[in-house]
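Common to both upcoming complexes is subunit A, partnered first by subunit B, then by subunit C.
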Partner chain A sequence: MRVAIATVQVPFVRGGAEILAEDLRDALVARGHRAEIVAVPGKWYPLDSLMSYVLTCRLIDLVDAFGGPIDVLIGMKFPTYMIPHPNKVLWIIHQYRQAYELWNHQFGLINAPGGGEVRNAIEQADRQAMGESRKIFTISRNVTSRLEEYLGAESTPLYPPPRNAARFYCGEPEGYLLFPSRITLMKRHELLLEALAKTHHPVRVRCVGQGDTPEYAEEMRQRASELGVAERVEWLGWLSDSDILREYAHTLGVIFPPRDEDYGYVTLEAMLASKPVITCSDSGGPLEFVVDRETGRVAEPDADALAAAMDELWEHPEQARRWGDEGRRRYEALGIGWDYIVDHLLS
Partner chain B sequence: MRRLNWFSPLPPARSGISDYLWHVLPALTERAELTLWTHQDDWDPALESYGKVRKTHASGNFWRQMNEAEMSIYHVGNNPLFHGEIWELSTHHPGVIVLHDVALQHLFIEVFIQYHGNVAGYVGAMERFYGRRGRRAARRLVDHECTPEDLCAHFPLTPLATERALGVLIHNRDGFDALSSHGRWPVASCGLPFAPALRALRPAARPDDGVKRLIVFGHLGRNRRLEPLLEALAALEHRERFHLDVYGEVWNADYVRQLRDSLGLERQVELHGFVPDAELDTALSRADLAVNLRFPTVGETSLSQLRIWQHALPTLVTNAGWYSELTRDAVVRIRMEHEAEDLRHWLTRLLNDPELFVRIGERGRRLLEEMHSPERYARVTMELVERAIEFQRRATAFHLAGKIASQLAPWEGCESVTAAKRRSAEAILSLFGEHSE
Partner chain C sequence: MRVLIATAQIPFFRRHTDDLAVDLRRALEVAGHRAEILRVPFSWNAPGGLVNQLLTCRLIDLSPDEHFRSDLVIALELPAYLIRHPNKVLWLTHHHWTGEPAMARRNGDAEQDAARREACGAVDREALAKARRIWTISATASYQLRRLCDLDALSICPPPRRPESYCWERPEGYFWIPDRLGADRWQLLLAAVAHCEQPVRIRLGSPHHEPRPDAELWSMVERWDLEEQIEWVGGLSEAQARDAYARSLAVVCPARDETFPWPAFRAMLSSKALVTCYDSGAPAEIVDHEENGLLVAARPGELAAALDALWKHPDRARAMGGSGRSWIESQSFEWPRVLESLLS
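Then we have the complex of A and B:
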């Protein structure tokens, strides 16, 4: 089959969504299909531009290309899943969250002039896109729940495997917890730093990832200083694949306390490396995999509870090892893999 | 109850629109929960018994607070001091526009050119709505070759106030018909509200001196026709039997006094300036005839006319705009093309047939009670709010269509434009769950 994967490309931004699209393309090609990523440039501001991008997607014709039909269009992100196609399948990473579960949040459309009108328009457009799709999949139960709650749309989770899944390995802990994530408000680095200031043990944390903005990354560094924990936090920035694999291999455990994460590759990467995960009870996607006191800790999203969880791991490394091993076993049992995904998307 | 944002001048602002609040708030707040927004530094504390009063942009949560209401109502008139910011807010956060004036050249000239120094923006707006003719007219204004009044009739710039509106409320029939003909937004029309019981009138004793008392009041620009009125008085054979009281802010009081003196009317015409309401009511109740001329008109509806009718006072009005729609026997209409002649005629008739004028005044009072009830106004407003909330679901579609139209306009005449328009229309309709025909 000839398959087009429709996604959004925000210039100068590269993250999990871009990687997922590439991995899907490669998986389709490995199965003998012709697959192509069709990336539509995206920009979410000013708000007035947003619906123009939605309309742009509605005007794109991907029924065929270069003399031959496009057999399947896989839509992955807002607004590219609006592109019309007679055989459209959605595998949704997330909707435009600021109109839905983040409406009331600091980043929500409630804070924008005319936000209510745009929210109405997005909801109508989303309903239209869902209604004209042959099948709807999501990357997690969390995203599936949101579609159900806000649009009454039924969908099925298909968990994507992390990139380099086969290369993760487990090594001896070297006295740190690992927090691999973009440095942005929703990932809650500030909560981590506040928790670190409350630990009884001299817990150390390595943060891998870059800030969405240099200003916010610097703000977190300054916050660490204010809290008196700067010397226990290392900001490693961007790392190569092999360096990240090494960090996972030698951490005592992974700490990942985001707010309502769509999926959370980090959780699965930790499980692949046989490491326990500390997450929070409102972290969304990770909760589909982390089982409290079996594969890690699920703490309340406050500094005291998170500090206690970090202390527990720090104080009981053998227990941490057992939880990590259990995490690996559970990952294997999930049967996450590309063949399963390709079969469902193209069936 | 619906939660509404309300934007208008607030008492004690010197604006007829701020006055009208006292007439409409009691009835409206029985039907909706209001937040009264303002950029003013002070407001009458009594307003807070009708709703929260908040300053715009006072906190970082301004837009959040705005979005917590279900609809916003913006009052737009020509006074840029009050309506400039209100209009600008309405362009960012669409809602219902209440048009107090239809021709808004004064407002937009002040906002674009005087406030923001944005001559290009003003010229661009004139071109956007009126094409090359609009552009040329704008350039003539910028070059001081014409006045805003010269532009009002053919270039009212009403669309600049209403293009993002979710609904429009207007107070006169002509304006309603014109707006409705676009088929673009929900439109409603209703006479301005007036609660006669709001201000208890105490009939004042009228001196029995044979002098007919005339009264003019309000925000008196040149369009209020003070000059022709003084000239008509001066030309009367029995001018000494008239006395004219002028209340309110005159655009150039020194000039008007000089004119008065040069016409020998020093004893017949008195300029009082702004006075408290009670004093103005006393003057109205002693008067025999109100003069409420306006030309050119900007499509406004006169709250002052309602106040005149409350006193059952006959009125001379210009036969234009809203005034031309008034029931013939409730006012005396002055034809613009025969202004001087008509003024002299009716002033003379006041002396010869005073009973006619008493009857006209009484009919005005009955009209006030029938057509301008606050309850009716509140009901019409809330019905429009409901229609606007429903229309909001489709408002984005119109906005997108406008953007496409502006992109395709330079290509008009090309064969491909028709296909592009059709494709765009289908795409917009498909976005909102409708099917093209």
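Then we have the complex of A and C:
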């Protein structure tokens, strides 16, 4: 089959969505299909540009390619999942959150002039896109419930495996918890630092990832100093794949307390490395995989509860190991894999 | 600088322009800039037609603002140069889409087509007027621009990819055709081969060729009974393609109005004679008749005579190839100089 994968391109920004589109393309090609990524460029700001972007996507023609039709269009992100096609399948990473669950948030559309109109326009456009799709999948139950809540649309989660899934391994813990994530507000590094200040044990944390802006990363470093925990936090920045694998292998456990995460590859990566995960009860995506006191800890999103969870892991390393092993077993049982995904997207 | 390189994207169809975009990005990064390739979807057969696609591209706005920094757009073709941006430089790899008669035939009604071509022309001219500077990649491309839009543009030659990796090997009894041929040039080729006195053999292919030829075109080969003499080699790696140049008796470029000089350069880098037609575009710009190749009219008899001549006298082919090699070694292709012009 000839498959086009529609995704978004915001120039000079590269993240999980771009990687996922590439992994999907590679998986399709491995199964003998022809697959190509169509990344329509556009800007999210100002709102006028966003609306032009939406309109552009509605006008793009991907029915025909040179030498034959495009058999399937897989739409992964707003607004490119609005490109019309008679055989469209959605595998949604996320919608334009500022119009939905982040409407009231500091970055939500409620704060923008004309934001209300734009929200309505986006909702309309989304409804249309859902309506004209043959099947709707998402990358997590979290995204599925948001689609249900805001658009009354039914969808099925289809979990993508992390890149390098086969390369994760388990090693001896070397006295640290691992927090692998971009440094940005929603990932809640600040909460982690506040919790670290309240632990009884000298818990150490290694943070892998770069700041969305250098200013914010610096702000977090300073916060660590203010809280008196700077000596117990290491900021490793960007690491190569093999270095990241090593960090996972030798951690006591992974700590990942974001706010309402769409998915959270991090959780799956931890499970692949047979490591327990500490997350929060409002963290979203990770909650689909972490089972409290079986594969890790689910703590209330406050510094005391998170501190207690970290202490627990630090104090009982054998329990941590058991939870990590159970996490790995659970990953296997979920059958997350590209063959499964390709079969479902193309059936 | 943050540079956006804008090209069109025809899904599943890879072209020289796509390769050039990759090379340009690498050159910019080597020079210390950040560069990203933008690909705007384009379809020949869009029901809405060409006008709709041009207008759609015009909606794409990548102007810099407080949230987004982009200093320059280098656009390589239609419809990519329609993207909105205050600082656009064009380095056109071809310019025949708006004016091509084939596009009109595709759309059907002659009067409507004339109207559509007018509309396309208007949109096109407006975008061209907004560019800060217009360059093309060859005299052929400049000629196309002049013919269709009455605009003059100088050309900057795109440096060939990995020139040091091309070499001469002992010929293995075939002419190598790296071009993609349309139906009319396919017919020309077959008629020429049928006309040949010598038992010439032809191999066609490139990394951009499909694994299997178009069924309609191949049925012509069967009808003419030329299966023994024509071989299709599709989906080659770059290394395999280099090898195909290296072991050919000579390279033939019979396509019409080719704007890219790369296949011709590759022939010369491999020290191979180049056979091409008067209306073949870039290869015709380079061939010095009887010196480093043969320049013929696009008629079966003439092409056949050229093929026969080289098949019968491989030493002559070898000498011409050597001449071509000397010529190309005397040229200088440097990305820093290209960037100097593009970014000035």
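Note that in this section the second predicted complex is superposed on the first by the 347 of 347 C-alpha atoms of A that agree within 3 Å, B and C clash if a C-alpha of one lies under 4 Å from a C-alpha of the other, contacts with A are read in each partner's own complex, and residues count from 1 in each chain.
The criterion applied here is as follows: a residue touches a chain if its C-beta (ideal position, glycine included) is under 8 Å from a C-beta of that chain, and two chains touch if they have at least 3 such contacts.
Because the structure is predicted, anything quoted here is derived from the model rather than measured.
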Open item on the list: Residues of subunit A touched by subunit B versus by subunit C: which partner has the larger set?
Closed with: C
Open item on the list: With both complexes overlaid on chain A, does A:G67 touch subunit B (first), subunit C (second), both or neither?
Closed with: second
Open item on the list: With both complexes overlaid on chain A, does A:P84 touch subunit B (first), subunit C (second), both or neither?
Closed with: first
Open item on the list: Between subunit B and subunit C, whom does A:D325 touch in the aligned arrangement: first, second, both, or neither?
Closed with: neither
Open item on the list: Between subunit B and subunit C, whom does A:L59 touch in the aligned arrangement: first, second, both, or neither?
Closed with: both
TODO: Applying the touch criterion given at the start, work out whether A:A39 contacts subunit B, subunit C, both or neither, answering first, second, both or neither.
DONE: second
Open item on the list: Taking the superposition on A as described, I'd like to know which of subunit B and subunit C A:A112 touches: first, second, both or neither.
Closed with: first
- [ ] Using the superposition on A, tell me which residues of subunit A are in contact with subunit B and, in the other complex, with subunit C.
- [x] 52, 55, 59
Task: subunit C residues touching subunit A - in the complex, by the definition given at the top - done: 2, 4, 9-13, 34, 36, 38-41, 43-48, 52-53, 55-57, 59-62, 65, 67-70, 83, 210, 214
- [ ] Note which residues of subunit A are touching subunit C in the complex, please.
- [x] 2, 4, 9-12, 34, 36, 38-46, 49, 52-53, 55-56, 59-68, 70
Open item on the list: Applying the document's contact rule, which stretches of subunit B touch subunit A when the two form their complex?
Closed with: 61, 63-64, 66-68, 89, 92-94, 166, 392-393, 395-397, 399-400, 403-404, 423-424, 427-428, 430-433
Open item on the list: Which stretch or stretches of subunit A touch subunit B in the complex?
Closed with: 51-52, 54-55, 58-59, 82, 84, 109-118, 120-121, 124-125, 127-128, 131
